[in-house]
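Take a look at this one; I'll ask things after.
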Amino acid sequence: MKAALAIVHDAAATGSERAQPAVRVLDVSMQYGSAAPVLSSVSFDVKQGAFLCVVGPSGCGKTTLLRMLAGLIQPTGGAVEFFGSPVLEPSRDRAIVFQDYTKALLPWRTVAGNVSLSLEACGVAEPERQSRIGQLLATMGLAHAADRYPHQLSGGMQQRVQIARCLAQKPRLLLMDEPFGALDAITRQGLQEEVARLAVESGTTVVFITHDLEEAIFLGDTVIVLAANPGRIAEQIDVDIPRPRAQLEARENPQFLSTRHRLFGLLQGH
Amino acid sequence: MKARRINLEAILFAIGLLVCWQLFAEFKLISPIFFPSPIKTLATLYERAADGSLWPPLAHTTLRMIYGWVFACVCGMVLGLLIGISRNARAYLEPSLEFLRPLPASAVIPVAILFFGLSDSMSIAVIAFGSVWPVLLASIHGLAQIEPRLLEVAASLRLTRAQTLWKIVIPAAMPDVLAGARVSLSIALILAIVTEMQASLPGLGQDILLAQRSFKSAQLYAGVVMLGLLGFAANASLVWAERRLLRWRPK
Amino acid sequence: MPGWIKGWVLPVLLLIGWEAGSQAGWLPLDSTSRPSLVYQAALDGLKDGSILQATWQTLEAAMLGLAFATVAGVAIGIMLGLSARMESATRPTLDGLRPIPSVALIPLALMLFGFGLMLEATVVAFACFWPILLLTIAAVHGIEPRLLEVARTLELGALERLRKIILPATLGRLMIGLRLAVAISLVVAVTVEVVINPRGLGSTMMAAQQSLRSDVMYAQLIWLGLVGWLLNALTHRAVRAWPGGAGAPA
């Protein structure tokens, strides 16, 4: 498993790069015309290899924030930096997993074909492409479904395909927009464990958006709570629960419970 | 894989109609000049197939239809693509297209005759002009409603414009384009027949017109049956092609 | 440049190029004529009533054929829509007749009716029958079952049920297909005229071409385009105005 994951992320950072935060969000604001601002003065850093979860109620601007990190939109105020350089447009280094997986997969390509899209974009040539696809599908437990079309798969499987496609980009930053929001509880929990494990073993920096507080605490090294109207940071907490985290035990961990207690009130208050 | 239930009632109904027709003809309840019996019609059809006189006109009409249709599809898809992806092109071209669309294609036949004379080129030009519309409009429509999320995926993967076009835009528009191409083919057949009748070009259209002039009604009906079969075969082949190309679609 | 002006750029440039090119002698006058002459021919045609008379003849045939098709299509469509048994029994026969191109019936209709109005109307009727039939069947299938239950509770007789519920519900949905049927009727009518029937705009255009009056021919072509466009727009309005026709796809 570790060998397979090594192909997911080449940690070729130099010494000075290692100290640099992967992402810096500097006093970012987002306002459309004269309407109320969606985001207001948001600032935080994400360390390399860290797993950051951003939680908040609907309308707090968390999806907007994620799309800014991806480079799909530009903030109206402030700036976003990625490994020291400003983020002005999308990049293969920053992969984004969308919540509406059905719309994000190519319906006319098989599972293997969908994963292949990233490799084609990265310019990977034929024989290598096939072996990479095979490895990625194995990693995500999709090997048996390689020749199926997306509509033939369950929601959880489709989301795995999307994740596999994003991993194929070998991103330095993985952005996930409420990826498990549309799935049932059991599938969600399984995927949470897998993503947590993948992130740790590959060392990829992850920014994970969710409205589910428990999911955020379970997955994250750091949790940021966003308040709504306008979107701003209400609280930022480090979660020191040791990894690997199992679903049952982690949720009974006293630190888990106290963090949950502390942040619950913040979410309710808005 | 689908269970085949023999639709007895349908068979009985169809046979019943034919039998009634046959009886009416036998007992001279309807004029045999205007309504030859089914048996006579089929016999004529068989005769012409047997002595080989059926095939050349069939080939002419079919080829005419296909040439015009292919030309229309290529033009329609390319033009549709240009208009679909460029808002500017749309603004300039769409009003003119909206005006040209309801214009009956057969109305351009006199114009085409002026330029091409009574020739095959005239026929193909008219067929192409008339059949371009469904595939053109379908292409524009297909391009307009591409899932925006897919375009974001393309942006995120930094696909070039050419890659985005080839890997995402065109496959996404395919279902609409193919549906439009199918409608175009039926129009192509109609215009092939019309131009043949008009310009006395060899083909099934001319055949049935000549049959009418010499009051050979069995031949006329046989020709109509043949054209119905041609229409059916053309449509069925495209449905087959569509099914294969769009295998990925949920049922 | 505001949107609506952009749409005029191409036609205006085309007209200017056509006139200039023709005046300069680059375009052969016989076959391409020129806008100034075409305009004159149009005015003449309107003044002496020939264009209007031809237009009326075409529209007359188109509307008559459409009427035939509607009566037959709605009647049969309602029967087949209400009875699944009848529908499955007649389906193969209808599927066999449908692929026959309407124009293939021209010689047949000619044999039966000779030249004139009925020739056109019957071919138009055949062409328009199919979409109307299919739409009616779909419309009947789509009638809110709740409405039929109401009819039964009120113990409405079959005829009353037809008149008060089935027919209005069906016709409302049918309006959506009206644009298509109207367009088909015009196209087929003109086609029959171009090919063989000595009446209407189609045949006058052919006559103009044969007597090398390309100016008259183009004038009538453009006029026909306007008529078609106008008809389309009017039908669109009518569909919108009909209760239950609103929300029809543009």
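Each chain gets a letter, A, B and C, in the order it is written, and its residues are counted from 1.
By our rule, contacts are C-beta pairs under 8 Å (C-beta built on N, C-alpha and C of every residue); 3 or more make two chains touch, one makes a residue touch a chain.
What you see is a predicted model, and the numbers here were worked out from it, not measured in a lab.
Two chain pairs are in question, A-B and B-C; the one with more C-beta pairs in contact is B-C.
Innermost chain of the displayed assembly, by C-alpha centre distance to the whole-protein C-alpha centre, is B. Distance between chain A and chain C, defined via averaged C-alpha coordinates, is recorded as 56 Å.
Between chain A and chain B, the centres computed from C-alpha atoms are 50 Å apart. In terms of their C-alpha centroids, the spacing between chain B and chain C amounts to 18 Å.
Chain A makes touch with chain B in their complex at residues 70, 72, 90-92, 94-96, 98, 100, 103-104, 106-110, 117-118, 120-121, 149, 151, 169. Residues 7, 9-14, 17, 34, 88, 91-96, 98-100, 102-111, 113-115, 186, 189-190, 193-194, 197-198, 205, 208-209, 211-212, 215, 217, 220-221, 223-224, 227-229, 231-232, 235 of chain B touch chain C in their complex.
Chain B meets chain A in the complex at residues 147, 149-150, 152-153, 155-159, 163, 167-168, 171-172, 174, 246, 248-250. Residue ranges of chain C in contact with chain B, taken from their complex: 3, 6-11, 30-31, 85, 88-93, 96-97, 99-108, 110-112, 183, 186-187, 190-191, 194-196, 201-202, 205-206, 208-209, 214, 217-218, 221, 224-225, 228-229, 231-232.
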